[in-house]
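Next come two complexes, and both contain subunit A; in the first it sits with subunit B, in the second with subunit C.
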Partner chain A sequence: MTDSSALARPPAGLRWKALIRQREVAILLLILIVGAVASVLSPFFLTWANLSNVLIACSVEMIVAAGLAIVLISGGIDLSVGSIMGVCAIALAIVLDAGAPLWAALSVCLLAGLAFGVANGTLIAYAGLNPLVLTLATMTIGRSVVFILSQGYSFASIPQGFKSAFNATPLFGLPNLVWVSLGVTAALGVLLQRNVWFRRFYFLGGSEVAAIRAGIDTRRLKFMAYVIAALLATLAAIVTTARLGSAFPNTGSGLELRVITAAVIGGCSIYGGKGTILGAALGVLLLNLINNVLVILSLSVYWQGVAAGLILILAILTDIANRRGVRR
Partner chain B sequence: MKAWIAALAVAVALPGLAAAQEAEDRSGQRYVMVVPISGHPFWVAIRNGAQDAADQLGVRFEFTGPVEFDNRAQQQQIEQIAVTRPAAFLTGAFDPTMSDTIDRVTEMGIPVVTFDSDAPDSRRISFIGPDHYNIGWEYGRKMVEMLRERGLEEGQIGLLTAVDQTNLQVRIRGLEDYLAQNAPTFEVVATEDNRGDDQVTADRAKAMMTANPDIDGLIVINGTGSGMGTAINELGLAGQVTVLTSDVFDPILCAILDGSVQTTSSVNTYLEGYLALLFAYHYVNGHLDNVPGADVGVNKLPPVVDPGLFFIDASNAEQFLTGSCG
Partner chain C sequence: MSDPILELSGITMQFGPVTALDDVQFRLDRGETLALLGDNGAGKSTLIKIVSGYYRPTAGRIVLNGRPVTFHDPQDARRAGIETIYQDLALFDNLDVAANIFAGQERVAPGWRRLLGFADRRSMARDAEAAVAGMAVTIPDTRRAVEDFSGGQRQCVAIARAVMWGREILIMDEPTAALGVRETQRVLDLIRSLKARGMSVILIMHNIEHVMQVATRAVVMRSGRNRGEVAISGPDDAEAHAAIVRMLM
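Moving on, here comes the complex of A and B:
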């Protein structure tokens, strides 16, 4: 007599191998290894105060990474998210500085982000422009807009109530901005895995021709990917401004490359069709954890780049090893 | 002080000297300021000073530079703009390789005035800016003074800086020399790179304080002090750790007023921009050709002008606010 459950499921050893070969699990293991080594080397690492510092440091990049993951999965790329953050942060602060109510400032901020998303989406999806070149252009335009609006000044007239809304610590000593970040990441992660409309981003990134043949409006889907990424960059700008209580002309500067790196480490393919929000979030967590550990261990600033680079190479090597394992 | 008085004398005398020679229209003359990170609010006062000087003299002033901190891009922009033949360059030399760039454009006939950070080995015609070693020395003196006011006779100090900026390394050397020579019981126990970003300053300062819970004082060597204010507030350590930061922007002043930062240093940066353009203008237009010995290489301008350093604290921070603190 045959055991039907044994037929349905592979042996436990194979299940483990399959699990470990998932990119998210591999990155999670790497995070745990880095954490374990750090907690042996420093008594300060495994404290709630330090771990909450890491989560706070991750929060803004996680929000942006969720949007970029969708763009990458759909087969595109968006280099303008950092500049969009800058424009939205400065727009929010300038309107508040002028004495306008918070709702008006948030509306202007949202419209600014939406305008960039619509521009990116329209020019890429409907005019057929190359996303790398187009978003490089809107990145440059966005940063110029920041300087035009701010004239190089930074702004600090952010209402206390707005700052408190994001910095209050209602649960486990973590500020609301962490919960907002985790909530957005979790919600989009679930939608991308379970919702039919969001699943279409995978079809689009995997094969645009196949997606068209399947009756998917690929142009509209591409357009929406850039709009979602821009709106999440807008949210990141709001969170950053509330946390720092200020907006600077260099807000979000250089963020796009850090977040793309994190998303790719987390399993998003720059060729599209692959990746998850969870993977991108774990990539952000790994990069921030490395930064934190190097500071906690008081490693010389001149050596931190070497150490961080080596850990990133290790992350890439685990991915290559996993893929070879899958082919075998 | 001597350099300061000399600069003032030159600044006062030069416009009068020039007045007699203003018949010629110089509205087409372009004076270009190139900085290594154009988006940072640090340049606002310098840019305003240069713009005011340009308006008074009736010449054109342009401000440019890479968006993110990039010494190499700054140098490339100078060399590219040189092809368009501006009257003079005004620039800060934050990297030793800037000397070569300055010498190359000088050979093309375009004089260079440096401000804020010098390239003393180059052929720049004058430098208007602080002695960064002295700034670091003053940071050490001020921090020790504040810690002693708290009743401490020994203490640990943490530093946040941008490691790729030579002028900031010079400040740190001055600070460490002050401590070694005058207050050896106070020591620097940690130094971290903040990449010139307030959010990075906040995150790394928190990690630094977690790993070094006995830190008594923190010094932000560059203009990201409001990020330090965020770190102090998030850790609930306002008033328990003494914080000294650099530069004067509203977010830093607001951090002083809310008690998370105790003091910030200020160089008179408006004067840096104003004098840099004024000096370049008079040099370019030959107003100083009668300086005795100028034809055999005697300096037509003071080689170094120090615009002075002062500290702002809660007692006077409001006077420097350009907006409000929300």
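Moving on, here comes the complex of A and C:
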């Protein structure tokens, strides 16, 4: 789909049609339709309590999705973000449990995330390993490390001050963690469209050969994509630990696939070069909204996967249809 | 009369036991459009790769603008003003014309946006538009991703990029190879218009009719050696045509 490539704008003559072809707009429409249907079927849907619950549920995934969008746009993939979240959450909670101060726990958590990001980035960008296989390995290692560290236990001795820093609701009744998530996502979204360094991820994902010929240090850029993704997974671990007041051995488990699904629905191409953080965030919102609707309509949440899968297929089909429409 | 911008002398290129080039002489005059011809394996690509910095010759001298030069890598050659456009064109399919032209050297916007490292998208779009506007191939909408462009339009973007960055020497490897009849004519027009811009062009081309239409001189190689050369006075220069055919036989 031409128009989901953020640095290329829709054709001048066909703005209106192009607008609907733009994936972000399509997902937004879908979100509005799902919302409209849900509000007709359930009076509870359009309550502030329910909508803020949806936003809270989205927050952690949106942070991870921003990092994954960058990796996907750069032409790579990262399956390890969920495990990195798990390691960071458990590391944070264990250090706190041992009675160490918050800054020490946060430092350990950050170092753990950074270590995974640097390992992923180095092995993919400099040693040339396939990102799918390598991050599958680090995902497996990470989850195993979580169980080694935690011995399967959860850790709940999280200081109250830390919890309330993220859960306090000073604005519109939304907890701070929602604002943190929206702020980080929006800032990265703008940087990726505008900042000359971040824009290079589109060049890298578009054509690595052309990027090298254009004098771009593609290896360092690739390396940085995985470091950024890992650091955002670290932030997600901090946020989720503060939100739940505990870290669990399965924190972040399976999250990578949910977020990849959301990002691809939102227009990120697994072949690289295409997509936006806005699109990925809207994909997260759509999937969480569907989840929420299933719950409040007392339908089985087990249908969520069916819905997500079908939308994913629809997204890929419209890609192909649009391409046929554009090419002569 | 001849005003060389690029001169290669005594160029030998050895790949292990294979001698790809054997004491080759090569001259490109300022503002001329030179066609490089020869059978497969004649050494055309190897010669081009030496000029564009991919290979360093086993022996020989390269003189650019009257000064001896050594290229350590393609970036070196590009900085010296030599741009090579390969068949795959090295474009970013996912991006628009401006992004393709400014890839790797995007302008930063003035004012507060500089602090955030924001790209000056408007000025780049304007200059990209202007760069392709003067070309023989028309691009209806420069804000589209180039993946939807025709072969000729893609050539146009690649050439506009070279012109924009002030390259004096443009090397094109089979620019008409994958094009239809009409597109081929447009690209030949495009190549002719480069002469008007004062660019010095080296074309690797197999089609003698195309060579006759755009080139002012043809250089023929065979088995890694100079076979000969002939000046082309115009598309109807039957003598030159015959000479090229003879040298290729």
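Here, the second predicted complex is superposed on the first by the 285 of 328 C-alpha atoms of A that agree within 3 Å, B and C clash if a C-alpha of one lies under 4 Å from a C-alpha of the other, contacts with A are read in each partner's own complex, and residues count from 1 in each chain.
As a working rule, contacts are C-beta pairs under 8 Å (C-beta built on N, C-alpha and C of every residue); 3 or more make two chains touch, one makes a residue touch a chain.
This one's a predicted model, so the numbers in the text were calculated from it and none came from an experiment.
When the two complexes are overlaid on their common chain A, residue A:213 makes contact with subunit C while staying clear of subunit B.
When the shared chain is aligned, no partner comes close enough to touch A:268: not subunit B, not subunit C.
In the superposition on chain A, A:163 makes contact with subunit B only, while subunit C stays out of contact range. In the overlay built on the shared chain, the residue A:292 is in contact with subunit B alone; subunit C does not reach it.
Of the two partner chains placed by the overlay, neither subunit B nor subunit C lies in contact with A:66.
Looking at the shared chain after the overlay, A:125 reaches neither subunit B nor subunit C. Ranking subunit B and subunit C by residues of subunit A touched puts B first. Shared interface residues of subunit A, touching subunit B in one complex and subunit C in the other, do not exist.
Of all residues in subunit A, only 2, 5, 7-13, 191, 194-197, 199-200, 202-203, 205-207, 209-211, 213-216, 272-274, 326-327 touch subunit C in the complex they form.
Of all residues in subunit B, only 37-41, 43-44, 47, 67-68, 163, 190-193, 195-199, 202-204, 206-208, 210-213, 226-227, 229-230, 234-235, 249-251, 253-254, 322-326 touch subunit A in the complex they form. In the complex of the two chains, the subunit A residues touching subunit B come out as 42, 44, 47, 49-50, 53, 56-57, 60, 96-97, 143, 146-147, 151-160, 162-163, 167, 175, 240, 243-246, 248-250, 253-254, 288, 291-292, 295-298, 301-302, 304.
Across the complex, subunit A is touched by residues 74-75, 88, 90-96, 99, 103-106, 108, 113, 116-119, 121, 141, 143-145, 147-148 of subunit C.
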